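Labels A, B, C and D are assigned to the chains in the order they are written; within every chain, residues are numbered from 1.
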Amino acid sequence: MAELTLVEAVNDALHTELERDGDVMVLGEDVGRAGGVFRATAGLLERFGADRCVDTPLAEAGMLGAAIGLCMAGFRPVCEMQYDAFSYPCLDQLITHVGRYRWRSGGRMEFPLTIRMPYGGGVRAPELHDDSPEAYYVHTPGIKVAIPSTPADAKGLLAAAIRDPDPVVIFEPKLVYRTARGDVPEGDYVVPLGQARLARAGTDVTLIAYGAMVGVCERAADTLDVSCEVIDIRSLRPLDEGAILASVGKTGRVVIVHEAPRTAGFGAELAALIAEKAIFDLQGPILRVTGYDVPYPYWTIEDSYMPSVDRVAAAVRTLVW
Amino acid sequence: MAELTLVEAVNDALHTELERDGDVMVLGEDVGRAGGVFRATAGLLERFGADRCVDTPLAEAGMLGAAIGLCMAGFRPVCEMQYDAFSYPCLDQLITHVGRYRWRSGGRMEFPLTIRMPYGGGVRAPELHDDSPEAYYVHTPGIKVAIPSTPADAKGLLAAAIRDPDPVVIFEPKLVYRTARGDVPEGDYVVPLGQARLARAGTDVTLIAYGAMVGVCERAADTLDVSCEVIDIRSLRPLDEGAILASVGKTGRVVIVHEAPRTAGFGAELAALIAEKAIFDLQGPILRVTGYDVPYPYWTIEDSYMPSVDRVAAAVRTLVW
Amino acid sequence: MAQAAPELRRVLDGDAPPAGLVERDLLELHRRMVLLRTYDERSVVYHRQGRIGTYAIFWNHEAIQAGATYALSDDDWIFPSYRESAIGLLRGMPVETILQWWRGHPSGWWSPADWNVASICVPIATHVPHAAGLAWGKKLRGEDAVAMAFFGDGATSEGAFHEGVNLAAVMNAPAVFVCNNNGWAISTPLEAQTRAQTLADKAIGYGIPGVRVDGLDVLAVYEAAREAVDRARSGGGPTFIEAVHYRAAPHATADDPSSYIDHERVEAERARECVGQYEVFLKRLGVLTDEHAASVRGDAEALLRAGITAAEAEAPPDPELLFEHAYVDPPANLRHG
Amino acid sequence: MAQAAPELRRVLDGDAPPAGLVERDLLELHRRMVLLRTYDERSVVYHRQGRIGTYAIFWNHEAIQAGATYALSDDDWIFPSYRESAIGLLRGMPVETILQWWRGHPSGWWSPADWNVASICVPIATHVPHAAGLAWGKKLRGEDAVAMAFFGDGATSEGAFHEGVNLAAVMNAPAVFVCNNNGWAISTPLEAQTRAQTLADKAIGYGIPGVRVDGLDVLAVYEAAREAVDRARSGGGPTFIEAVHYRAAPHATADDPSSYIDHERVEAERARECVGQYEVFLKRLGVLTDEHAASVRGDAEALLRAGITAAEAEAPPDPELLFEHAYVDPPANLRHG
């Protein structure tokens, strides 16, 4: 066990996986010479060489499209998108090809590529360095999506993604890249996709979140004299429906939290799941605390956009009085 | 009143709006010389000239990006994406600019552009001519989205979109482009965004749909000895929450239908809305009948992918027995 | 030094086939063109008969497809667009496989790994980066396979084309980019697509060689492709080949070009159609007899008859296929709709 | 005929400024460069003092920005990237407006219509199609405004660059594309970005003129821009200008180039930095005195002092702004989060 920050854990996972499997390679803008703008890929170029840690031209769609060809050549590419909002140029390749090519091959070829990117707000950055695009990705068939909130999960989920035979997208909460510290198992360490994490056990209300919002939910729980269960879903697809439904069955009250805009965000899917499969367990409305349906704002007022401890606590109080 | 098909009504709206406002212009691939692959733009080049009905180079992102510049020059561009899945290259411009530029200008500039495209399955076409991408668009802040199911609405909603000061995306259900016929008011005709249409009144179950699925719901209702209310929401953003909640308040039972893949589709948003604001009205689970989380299939089995009368009827029966 | 507007290369005007092509090669090229031609002509009939769906006609594109791929070995990869849907035939893919693709039957979805022929790419130019990546990957593996991508004139306007070719150039990937310049993107003419003198000029911006050949001259296409493949294999990086002709058939069975096409150009192009042009050359060289030509046609027609029969004999697909193939390891709720 | 690898144009080596530039122009250009230089140098200090956020340094890019825009009239539009964040100063935009952008304060979000300066574009190359569309639109309206877009060497790898320039060329739009080739995209060197001999070569693939100028020679940049603007205005369509230099400062305040940059090249480039280079030329011509130079600097510093004071004096923004400006006619549930 070593105590690492979340971004150090990502770096650890990359070293471990490139070490363990010669077919794994890292692609991205500034991942090599600079070691990544967040240092997530630091040391890889020196350790594994320029053929396995590649500074690509500035072209996200070209990078992801090339990764498909690399899969056809037997590689397991790990593509870094430098920031959330700079991944949008790759959506066309993602939707038309990454999510469909295995199907197109009649299930006879595998496309075990990974896309990873820092995401989310609160970092006092200029425009378009703050987005939470997970809904665009998770709505796309053929894709799996996971989002860690702890250093250990950042390593374990990324390792799982790289080893997974299907395309997986990992969103890394940049807000806690360096503030989330924790013990991370050394060497081989995998957190299987599809398993939620019980961040905190409780009896009265279920708070469901992922990424940096898990901490917000935990802090909100601290401020409340209500017993909150906090579920870190970790994996958006495959989704651990059992863990969610079991908790709701116990508490009967739900607050879902994410940074992304509200409309058709992943929180809607969680609410729809519960409204279909646990409707008779519910003792109140399913509430969402989310970003608003507006462009992510200038950072001087971003704290009013981001779901806050107060907003989460207020939502809980409307359910339990 | 003239009896028109849905695609003829689109053509009528374009003629009317280009006639009425010299700033309106149509951009797209094959919209001019060929009049559009579905003939939606037929006659515009001849009537309004090559400066107002423009065959662009084969570049969706370039087209939409240029439309932003055209707005800055005072135009109201109407961009045709030739098919649903061929709109994906423009998502980057949509998310990073179309939805944000007015905000970026401090609310001092307007970007009254329209994007319209044929969408949806069931047309026995090759791959990628069948997608339902509405969730990608409606999740994007700054964008409005509407989807007609009748010829009159196809004209009225498109006219509303073109006259709207904000960017609006219109998805036209190509499955019923030529089979949906109906009276369409001549000349100026606008159907305001944000108003659902009561396609059929009923008392026991509320079926909520849009586009080609409205007809599926109506036919399902015909086969059932249950009184179904069918709501054609027409406008996904702004959304007519009142109409939906009023119907659910009356019936207490809901089935939501769309072609798009289930996970984080717009149906999830509708379910989440109801689970938040009408939870105590519900007498059963909120059900969704949707496309599956798989790539849209080869057309020999597409009928098993598309929500069918049987699947909708079966869902209703699980709610009312 | 990079040269804009390179001359349009032709071979069939002369009497000498490219060095190294023996009589067997010349006849094999002829067989391949006839096979493609027959596939295409029969497909248009099958469509009219309602036996296949909408179909992208490639009549008179056979010289480009047969000529360029003849420079490849079987380990090399082909990345076709819908316009090259039947190019797998040249690798021995069964006729019925391709017919089934156009019939929307799952048995039409071959595994690229079985044939080193990528899936038919429908979204314009998006396969260009795939070819770049495959070529780069083969180079990284120390294998000497080359990737050859086919796309149209309109495709050169797409960002995906730009990013893919640029990446291949930067990585010095063994890739050959074959642009089928048939003058039209459905109804959009070349001059509405680019202001460049020639599409080959785009190569200069990527720092790679760009050549122009007559797209109806199978030997000119072959020769240019062979040079490009040799260069790629020997570490010289990508080449851009512009094969120039004029689309003499509708874009697809659903298209009616009468409103936009230049009918005189179409007539002129039909008069110099590529199979006949090649047969005249072969006869002038005394390599081809009418009997042989007839038997090649007969064989191709027999293959097509057998192919459509086999395709139509296949059982309709099981709807359960919906849930297969999307994932190796599917989420549990996949069937939930 | 299109010419690859055009020579690198310089003017400051000679004794003659471009025809038409009178002494007032030469001094005004100097004032503009000094203003930009002062803005940049002060901003780096303000960042260290925690008075502005992360900042994209444009030290030694002043010749490109001042030189190119001096060829414009006020009706022409400028499309800056983050690297040209302060270019509005050259149109009279208040210093505090730009400082506020970097402070994340809403008063930094100006209206492009007020200055004919588009918003600072953060996603690489995505503003290139905007410039193409604006230029095309002005032409359609019969107005003679030109659009000038600024972007970097790395931007030329993006699909958006390709689609935008191609569309402008096809529409014969009055656009000028100024590529700030500083040799680096953060840590990625030019040779990892393109295999072309020069970035100007890309123009050939779009059928438009491509020129190369020394990016530290303000008069060479101006001259090339003026030719391009005149061409655009007179219906000659777009031009691609490659302004070549070597990034002599970090990419941004957050960046540490020591691991990847060539320190000797940086030293060489600092030795020929663009403001000093121009001052030597002006003094050789007897146009500039030390006194004048000092007063220009003094004025610029005063402007910056006033600017940061004004910026810091502004009230913090009202969080209610979250819900304004997104829509003209917002959906009712906008505040629902």
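Assume a residue touches a chain if its C-beta (ideal position, glycine included) is under 8 Å from a C-beta of that chain, and two chains touch if they have at least 3 such contacts.
Everything numeric in this text was worked out from a predicted model, so none of it was measured.
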Let me check something: if the centre of a chain is the mean of its CA atoms, which chain is farthest from chain B? D
Using mean CA coordinates as chain centres, what's the gap between chain A and chain C in Å? 40
Round to the nearest whole Å and give the separation of the Cα centres of chain A and chain B. 30
Whole-Å gap between the CA centroids of chain B and chain C: 36
Set of chain B residues in contact with two or more other chains: 56-57, 59, 61-62, 85, 88-89, 92, 96, 103-104, 127-128, 141-142, 237, 288, 292-295
Contacts with two or more other chains, residues of chain C listed in rising order: 106, 109, 123, 157-160, 162-163, 166-167, 170, 192-194, 326, 331, 333
Chain-level touch network, classified as line, ring, star, complete or other: complete
Mind listing the chain B positions that touch chain D in their complex? 25, 51, 56-57, 59, 61-75, 89, 92-93, 96-97, 101-110, 141-142, 144, 164-166, 194, 237-239, 241
For a test of understanding, state which residues of chain C touch chain D in their complex under the given definition. 1-5, 157-163, 166-167, 169-170, 172, 191-197, 201-208, 237
Interface with chain C, chain B side, in the complex: residues 29-30, 32-35, 37, 55-59, 61-62, 85-86, 88-89, 124-129, 262, 288-295, 297-302, 304-305, 307, 311
Any idea which chain B residues touch chain A in the complex? 85, 88-89, 91-92, 95-96, 99-100, 103-104, 127-128, 135-136, 138-142, 237, 260-261, 263-269, 271-272, 274-277, 279, 282, 284-288, 292-295
Of all residues in chain D, which touch chain B in the complex? 77, 106, 109-114, 118-119, 123, 126-138, 140-141, 147, 159-160, 162-164, 166-167, 170, 324-329, 331-333
